[in-house]
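Chains here go by letter, A, B, C and D, matching the order in which they are written, and residues are numbered from 1 within each.
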Amino acid sequence: MKKINIAIIGIGRIGKIHLRNIISHFPQANIVAAADTNYTAEDFKKIYKETIFFSTDPAEVISMPNVDAIVICTPTSSHAQLIEKALESGKHIFCEKPIDLSLERTILLVKKAKASGLKLMLGFNRRFDPDFMQAHKNIRAGKIGDIQVVKITSRDPGLPPIDYIKNSGGLFMDMAIHDFDMARYMMGKEVKEVYANGLVLVDKKVAEAGDIDTALTTLVFEDGTYAVIDNSRKAVYGYDQRIEVFGSNGMIQVKNNLHNSNVLFDADGIHQALPLDFFMDRYASSYLNEMQHFIDALSNDIPLSVTGDDGLKATVIAVAAKKSVEEKRPVQISEINL
Amino acid sequence: MKKINIAIIGIGRIGKIHLRNIISHFPQANIVAAADTNYTAEDFKKIYKETIFFSTDPAEVISMPNVDAIVICTPTSSHAQLIEKALESGKHIFCEKPIDLSLERTILLVKKAKASGLKLMLGFNRRFDPDFMQAHKNIRAGKIGDIQVVKITSRDPGLPPIDYIKNSGGLFMDMAIHDFDMARYMMGKEVKEVYANGLVLVDKKVAEAGDIDTALTTLVFEDGTYAVIDNSRKAVYGYDQRIEVFGSNGMIQVKNNLHNSNVLFDADGIHQALPLDFFMDRYASSYLNEMQHFIDALSNDIPLSVTGDDGLKATVIAVAAKKSVEEKRPVQISEINL
Amino acid sequence: MKKINIAIIGIGRIGKIHLRNIISHFPQANIVAAADTNYTAEDFKKIYKETIFFSTDPAEVISMPNVDAIVICTPTSSHAQLIEKALESGKHIFCEKPIDLSLERTILLVKKAKASGLKLMLGFNRRFDPDFMQAHKNIRAGKIGDIQVVKITSRDPGLPPIDYIKNSGGLFMDMAIHDFDMARYMMGKEVKEVYANGLVLVDKKVAEAGDIDTALTTLVFEDGTYAVIDNSRKAVYGYDQRIEVFGSNGMIQVKNNLHNSNVLFDADGIHQALPLDFFMDRYASSYLNEMQHFIDALSNDIPLSVTGDDGLKATVIAVAAKKSVEEKRPVQISEINL
Amino acid sequence: MKKINIAIIGIGRIGKIHLRNIISHFPQANIVAAADTNYTAEDFKKIYKETIFFSTDPAEVISMPNVDAIVICTPTSSHAQLIEKALESGKHIFCEKPIDLSLERTILLVKKAKASGLKLMLGFNRRFDPDFMQAHKNIRAGKIGDIQVVKITSRDPGLPPIDYIKNSGGLFMDMAIHDFDMARYMMGKEVKEVYANGLVLVDKKVAEAGDIDTALTTLVFEDGTYAVIDNSRKAVYGYDQRIEVFGSNGMIQVKNNLHNSNVLFDADGIHQALPLDFFMDRYASSYLNEMQHFIDALSNDIPLSVTGDDGLKATVIAVAAKKSVEEKRPVQISEINL
């Protein structure tokens, strides 16, 4: 089993999670370099181990000869060029979703990655959440028979900054893309048609930014079965992340993870704690598990379970969903120009 | 407060429920006559009080001068003529849904009923279920702010006989019509667009009968907010009747009613009882409450909360849903010829 | 199957429940007479069917020749003499608990009833609650193996009037007696030792009335296994009626029945409705089921599942519990003079 | 804020947890030495960082001048002499419960620790479990008013090896001691009387080893309120760790933590995952949090929330419980010779 040398690019919210996880939890991996255009080397050293080489230039760490793999956690707009550079330098890649906002560039990069023989993993971390993994396992084991309907509720606890929204690629590309991937993962089939409704119900500034904050998307799969995904940028009760899969022999529900297991009974009612606040808490294990999978796949040279192809397929669904809202009709995946 | 004399027509599954409820629970109402073309007077007398006049001819009891109101529980195909006869005889009407499979006749009858000044109540009993009433009350009280999304799960525990399906008017008219009404009730707004997917996943005989057994319907309301309804004719775990309403300040879930409150812990897991089997158990209270409402409205001459208009509107949605499945596109309510 | 003629004595809270249940639900029984020293015949006629004979003198209805069985729902102080009179008149008896506050009289009456060959059923209605029956059934079917511990939580929603408490025989005889019977029912074994702690935490007036309002009782059974019962006269969140049975192969919990199945999520938490208010709601089914059992046993002349003996045994436990609190030590059942 | 140098003694099940936690999570602490009589230095180096000094002689690491604090995770029999040695060497101490099986030695050591001015923390980790902390916080904030009853369910998933039991000091000293501490923690008051029942229901070998495997203990506090603790060495459904606190204004329940949040509905029922297997999973956070507290208290020289006194008080309760079972009567804490 080979020891893997990793360079991480981008040390924002998610980058920090991955950096700490790799340092603390994976004996078969080393963080050997980090890059972030917004940090100074001094800042970085104060927080992280001195033995990690830091640069403000991502290209510098990508080209380091002792680096085996690049973990990309920068804003979406830089993903494509970093992936390209990494492929050129012969590095394996873990990249946060999405690959790129442009479908054409996404297709091109996925092709290049395939041709290179290098591994490209997309950060669809929810596939590695223990609760969803358990559901997936039971579904594949036939516990609910043939899957007929997947229902995903996916609501954020609050609107991100409008500036973030402007550069996000929109609700479908930024937020629902996780749910599109989850629907494919649970179904084990491909989507053929997308019908979406989109609304601005949370804040009018979202409309001004050209986006929506609420959506309902129906995905029809190859065999006619469907998934329905319900998104909102703002659930006042916290991060609402539930899945329900209905099949010929039963149903599996994955419930929210609450802050604690206390139940308070008083004269007003029976009260429980809210769901965990947001993805950093709710999906803490999934970030760990996905990195474990990436490192294991590199160490043992085995195939990844989530590749660039999965990133591409989710992107295509997001493109179709946006088109569906704009044209107020179901859009066939075959209409999206690949 | 006037005492109301009631004649009931049709003493099948639901007719029996209403008959027994009226006999046992409403001091301000009398059952004075009953009619059923499949019973003999002797059969009827064996089971029910001898003081109730019985006829195999519905027309006979409708025209009885001492009858104030007719409760219609016959198969759908006879509803229209019974309603017509009752209106002609100056009787108030409680009728099980739907009014008729034909939209034209439905429109006509609803108009006639309005013109007559007589009361016509549709048996959308779920509006009178204590759990749904509580949700409705909290929603109207503003506990979850502005409603953004209604999600209804409505699954039967098993396929009805194929012969029943053939005469049912189809899944949307027969089964989902309750959910269409519920979505309107919870939303307090009107539907403007319907998009539905329909499938045969339970039994191919359903396809041969020209129907579907599984459906997903998106209702878009006047203001763009939406409801999504998930129907199946067969949930192996029983009658699945849940509603979730999401708003700007929170969410209300109405959960299934289970057979009992036992929780069994053993080496295999934690186990609870299944949901109640079917509508006769699940909605026992709602049948009682809706009849209470009907009788109260007659006794005190106050308006009904569910009228022929509600029956018509749900029927229009069902027609639109069927058209949407056939034409594979969202259908505007304005397309349906009223 | 013989039709049973019943006279009911005492038409207070519980008497009304039994009266209405017998009138509405049991074709194989007739209420032929009623007596209450606090009603006039006119009052009674206004509320109930005119065909029921009413007297202000219980003795009169007990001695009516066409009466087969007496249902006693009067205050405890009159139970003994009514039972005696009924036995003398050759009537079967259903009596609300307890038989009498005096252990001696209880023993005597149970003996007399046995000698008479007439049936005497005690109103331990909770044995007939569907949730507890389901638990009992699963326990007897071996689903949790050998029973090791029974835990009962039994809390009233509020203090009864102090005058009621003064004549109640005390918390153990009035309230916990149901739980003592339930422990025996679940265990299927007899108690050999009782250790109880009693406190006044709700209202000092309870102490002035010579009673307690809070208690914790440990019952040790013949084989050393135990039950623990936790009583309070006041749970601000409503009527708390839970049972947990732990065995060598698992555990069964019976949870509270809530007002409705709504779950409200808002910015403060996740909220559910409170437990049903009090016994009239919580145990509505059990009152019906126990009367069904009584009538069935008479109609078919089969043994009762809850007899005077059960009333006596629960009374003995209550006497021992009171003694344990007074003497601050475990009390053997063998110490109680039978 | 001072950086704390820690030596750990005993690297068994719990020692490993503490060792890994200190290495990974506490920047203000260093592990500078480790000792275990069952390891070789080579074994240790293979698993842990080479920079940690290892000795097979605990005394050696205790006396190291650069060590500030000793974490004792050895079998109970060695606790006393290690505490003594650490106090002599002027080291702060974190010690797994109990201090010693002998009450006399426990008293002596607690006195010595107090006199020394050094900190002695007992590993009552459950006080640091997030769920129990939340309950404690809400109770102290008055959310349920005055506490009246604490109910603790504490069941292990299976019998430990009989050899372990023989040296454990018995169920009360080994297992229930955590619950005795928890009852004091939740109540915020001291125990005055203990009444316990003990049984052998799991395995007769436990009786041969002079112990019990099942117990029910009532603790009466100074003001007469009480706690009841229900212990079993074997719950087939896993590690059952629940607390319920009832007060004048409400109740708080802490429920079990389950393996996952999946709910499976099939034709047999509704199924959830079992509770987490055992303390290493269930209390993973509490081990981390208690060590954080210990290190914080040393770094900032602030008082510990769990001291030798708490260890002594729980030990006294355990001694009284054992005496209660032997003498079959309630035992006053004042009877235990301090």
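Before moving on, here are some points about what is shown:
What we mean here is this: contacts are C-beta pairs under 8 Å (C-beta built on N, C-alpha and C of every residue); 3 or more make two chains touch, one makes a residue touch a chain.
Just so you know, these numbers come straight off a predicted model, no measurement behind them.
The most distant chain from subunit D, with centres taken as the mean of CA atoms, is B. Judged by contacting C-beta pairs, the busier of the interfaces A-B and A-C is A-B. Between subunit A and subunit D the centroid-to-centroid distance comes to 40 Å (mean Cα coordinates, whole Å). Per-chain Cα centroids separate subunit A from subunit B by 43 Å.
Mean C-alpha position of subunit A lies 59 Å from that of subunit C.
Listed for subunit A are residues 235-237, 249-251, 265-267, 273, each touching two or more other chains.
For subunit B in complex with subunit C, the residues that touch the partner chain are 24, 130-131, 134-135, 138, 143-144, 249-257, 259-267, 273. By the touch criterion given at the top, residues 145-146, 148-149, 151, 153, 155, 195, 197, 199, 201-202, 214, 216, 218, 220, 224-226, 228, 230, 232, 234-237, 240, 246, 248-251, 328-330 of subunit C touch subunit D in their complex. Per the touch definition, subunit B reaches subunit D in the complex via residues 235-237, 258, 265-274.
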